[in-house]
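Let me begin by handing over the structure; questions about it come next.
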Amino acid sequence: MTMQLDQASGVFVIAPTAFHADGGIDMASNDRLTDFFVESGCTGITVLGQMGEAPKLDHAEGVGIASRVIRRAGIPVVVGVSAPGYAAMRALARDVMEAGAAGVMIAPPSALRTDDQIASYYRGAAEAIGADVPFVIQDYPLTFSVQMTPGVIRRIVAENSSCAMLKHEDWPGLEKITALRACERDGSMRRISILCGNGGLFLDFECERGADGAMTGYCFPDMLVELVRLSRAGQRDAAHDLFDAHLPLIRYEQQPGVGLAVRKYVLMRRGLLASDAQRKPGAGLSPQARTEVDYLLSRLARRDARAAPAAHGP
Amino acid sequence: MTMQLDQASGVFVIAPTAFHADGGIDMASNDRLTDFFVESGCTGITVLGQMGEAPKLDHAEGVGIASRVIRRAGIPVVVGVSAPGYAAMRALARDVMEAGAAGVMIAPPSALRTDDQIASYYRGAAEAIGADVPFVIQDYPLTFSVQMTPGVIRRIVAENSSCAMLKHEDWPGLEKITALRACERDGSMRRISILCGNGGLFLDFECERGADGAMTGYCFPDMLVELVRLSRAGQRDAAHDLFDAHLPLIRYEQQPGVGLAVRKYVLMRRGLLASDAQRKPGAGLSPQARTEVDYLLSRLARRDARAAPAAHGP
Amino acid sequence: MTMQLDQASGVFVIAPTAFHADGGIDMASNDRLTDFFVESGCTGITVLGQMGEAPKLDHAEGVGIASRVIRRAGIPVVVGVSAPGYAAMRALARDVMEAGAAGVMIAPPSALRTDDQIASYYRGAAEAIGADVPFVIQDYPLTFSVQMTPGVIRRIVAENSSCAMLKHEDWPGLEKITALRACERDGSMRRISILCGNGGLFLDFECERGADGAMTGYCFPDMLVELVRLSRAGQRDAAHDLFDAHLPLIRYEQQPGVGLAVRKYVLMRRGLLASDAQRKPGAGLSPQARTEVDYLLSRLARRDARAAPAAHGP
Amino acid sequence: MTMQLDQASGVFVIAPTAFHADGGIDMASNDRLTDFFVESGCTGITVLGQMGEAPKLDHAEGVGIASRVIRRAGIPVVVGVSAPGYAAMRALARDVMEAGAAGVMIAPPSALRTDDQIASYYRGAAEAIGADVPFVIQDYPLTFSVQMTPGVIRRIVAENSSCAMLKHEDWPGLEKITALRACERDGSMRRISILCGNGGLFLDFECERGADGAMTGYCFPDMLVELVRLSRAGQRDAAHDLFDAHLPLIRYEQQPGVGLAVRKYVLMRRGLLASDAQRKPGAGLSPQARTEVDYLLSRLARRDARAAPAAHGP
């Protein structure tokens, strides 16, 4: 899969990992998801992210899942390789790049504080995985407690030619997109792709600020594809109408801790996952939460056919 | 103002503090806000909270603002008295209770970690302010980094007869409301009022889970009053329709850091504040952010007359 | 008291605040301490620091204590004015500067992360207290969770002409002293005074690295004075001999949480405090801990006459 | 190696991992270290801890090192298996237990806050690695930001029959040892072994409080063995004399970040490591720091023959 990650746009969907109720990997569901993502118009897939339950997979499992998705998808696949140390990161990066990954994603360890520490960490990571491996910065302070200014991101981009993309999920983050795009325009930073996470909670405006699209796993990635398309086509009101219809569920899904349970439950209801099971430790949905999601889906169905019951079922 | 805070319901609006562009306190705007809150049907007002820019006020200013609101409002006023130490907390609590406050609100210092530390802190605080002063627990882990389980809250309630209310803004938090109400039903916790914060982002479901209402400062507190009323009247769909119309703006306002700027900007546009100025340090809105809020307001106006331009202007 | 804080050297002792067992301020003991510090050869006194239990004092109490020490001491007094917001900081700074303080000390709020945030915070603080008020940066990541690189400190010094001193208690911190002194030598930073905290745990080497002395409250400030003198006189072995004799107790006193209890207990045993009481909340010493301190003192007495029982008693 | 970890005492030395300057594993030095630890009288060895640079090793390297130490040492070996998720933890635990490890050590992820979260994490970990695998709780809030009360530790011990030992490095921590031993005496907790870390900085008193010994990697583990022996034999003054002689170096080595560099440098000077290299990322010692350590060693040599130059060289 040859592609320049720094030119990427559209939706790189964060793939969940499908498990059976006993914790075993459900490859049939994973395959079905992969096919669905491609059919939905996603331009890429990101596997082994936080929401892919990567820390619950051992090395062999992770490589196995990534390789299978890469072979099946036929679109660029980014693989999360964040690890407590460079050795495990390098081992995983090497294995998945050999399997055909388009690049890897690296989140900063939560102990990093100063600008220098952050820049130094990424220099070390880029060297560890190899200077020819395109990488994505994951900028997610809410979860990782590491705050990167536009200046630090510019510095990482300048110091590492293999830095190709920013997974932007700072919060708040709209001004950061504007600032980074300004850096590109004034020549102080080369172009990188900016795809936005945060469960899509600000994707309506992020696209307008200059993001190239989304990298998130909201349970209607097909809607994300359409939203990015509308926004880039300049159909502002239509984009917001679509976004607003989904916002009650986007908001519900974006709760830390239970968000993945919501996502898997909806994907199960949509017939894409056989089970919404998570590997331990995982926060399940209470019966009351399920009825709340059901209610949100029934309301959504009146505004977006993607959520209609007829659309369900494998 | 005699009222039992532990029986409170409806909306205790978090009052912003109005400033002139030079940082001086704008008492005319503060008065106008107070009147608006009462006319909107708020059942209480909370002053000197985080969103009231309390840390930017010195002691005399804080007492002055609180006293003025108390005299003018005629509804219960809760005053934030969180402080780095018990001495400043006690001094402020004593002064505002003398001025007629209904109670005080106390957030935990961010260094607290263990259940014992949290319980001990609230015992000390209750003793410091006086056992006859009703207090509200502010449970806001996103900002304060302190996580209180239902068990710890039950313990604080049991150990302090003056604990009257929970300002609930855990995230995620729906299950916590359900858990606390279950404690009340099974007799393991006496009743307290639960009012929800978090900018209202989950208020639709929080009411259904058993919350008594809201304690937040979303820029349409009049909508919050209506939402709580609809929800308590069992008009579920109507409540969600109203909520969903506001959600794009609620979501935008709830961004950390810039949320207050959004709130003040809308309150200014609604003719309630003469200026959206914050005391330093404060994050202002970029021109682009203002146009985004304008756009959200214009979309909202089509679904809720409260946001119609005709509704603006003092 | 006219003096240039940026030229300060020797020992600025962190003064504890003496309380009676009932929490009232014990002015007689505070006076006795002040006299002792002056007689011991301290070149300055710092009041209202963390170890002065500043957060447990209300504004009036703080100003009262600071003013009294200033009047009595006749040596420069630095006053801690750290506060959750600039308003309280300014109010306290103004009052103590009027009372004759030599400068104020400002710790960063624990939420600061990026270099820009830290620099911005100090610019705002310097403006809030007034550009003519000399201030001390308190650089104590272990307690405040804020990490300042030499580059950030250089930036604060460059941006604020009133920045006069660094209370250095980074950990580890020896290389930072070396780096800052190199900045001064190569002309990239004007000279400031560097006084070291951390309970004195590294003072032996800090002096050799270029620190101007100590700003800490170890229970034998008279020893600190002698240590700094020996070190500056080039008597390396003698300095380390003295330091090593005290290290078992320095180490014991430097424990977070109970350190102040140890300090006050020894000052009481030395006849300088009438009571080792802390205001609530405060961690007391267990009976076993007291016997451990007694044992350390008895061992110390064999190596340093300052700790001899004959030296005790008011 | 059959032994009951919950009965362990003496010194379980934290083994550093020896690397060549190019980052390759130096097995000859690792073997030499293993032999030295056994000859020094250590009762156990802990490998793959933080100070063993475990996060810089990939799975195969970690298993390789652990297996080799286990085969060579002939004394119980505990293996650090802390990981971002249970899958990697289980994989490593299974491999090293098959290789003959006496047990594994598990540190809590830094996101844990409440008592319930901590207890739940250890239940999940114990289940993941298998209920027959003895494990050690690593209680090190300074590094992991997780605070465990004695009550939580008692709960972990009660809920997991395979919990055999506490690596105690809370700070301050003396009262915790006393509290846990009281729990054992009053029957509210079964006996576990308590070995202390923190670089040995409080080992003099920890032994007196009831600890069974040390689990740390101070560069003179032979001294630690003697210290524990003296303390358990009731030779209090002799124990403190020995400890105090080493304290200046213990203190210097215990600095976060550079501590391992000090440790490896001394082990190299003692002829045990061929190189003091760390794998990247690693903080090296500046030339000035090396001369400081040299100076401390020369001073130590006058009080303890273990540090005499004649003792150096392989």
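The first chain written gets the first letter, and so on, giving A, B, C and D; residue counts start at 1 in each chain.
The rule we apply is simple: a residue touches a chain if its C-beta (ideal position, glycine included) is under 8 Å from a C-beta of that chain, and two chains touch if they have at least 3 such contacts.
Source: prediction; values computed, not measured.
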(request) Chains touching chain B and chain C alike, please list them. (result) A, D
(message) Quick check: superposing chain C onto chain D on C-alpha atoms, how many degrees is the rotation, to the nearest 5?
(response) 180
(message) Of the pairs A-D and B-D, which shows more C-beta pairs in contact?
(response) A-D
(message) Roughly how far is chain C from chain D, centre to centre by C-alpha average, rounded to an integer in Å?
(response) 33
(message) On a C-alpha centroid basis, what's the spacing between chain B and chain D, in Å?
(response) 48
(request) Could you grab the centroid distance between chain A and chain D? Build each centroid from C-alpha atoms only and quote it in angstrom. (result) 38
(message) Considering only the defined contacts, which chain B positions touch chain C in the complex?
(response) 53-59, 61, 83-88, 90-91, 110, 120-121, 124, 127-128, 279-281
(request) In the complex, go through chain D and note every residue touching chain C. (result) 171-172, 174-175, 178, 201-202, 204-205, 208-209, 240, 243-244, 247-248, 251-252, 255-258, 286, 288-289, 292, 299
(message) Touching residues of chain B toward chain D in the complex: what are they?
(response) 113-117, 146-149, 151-152
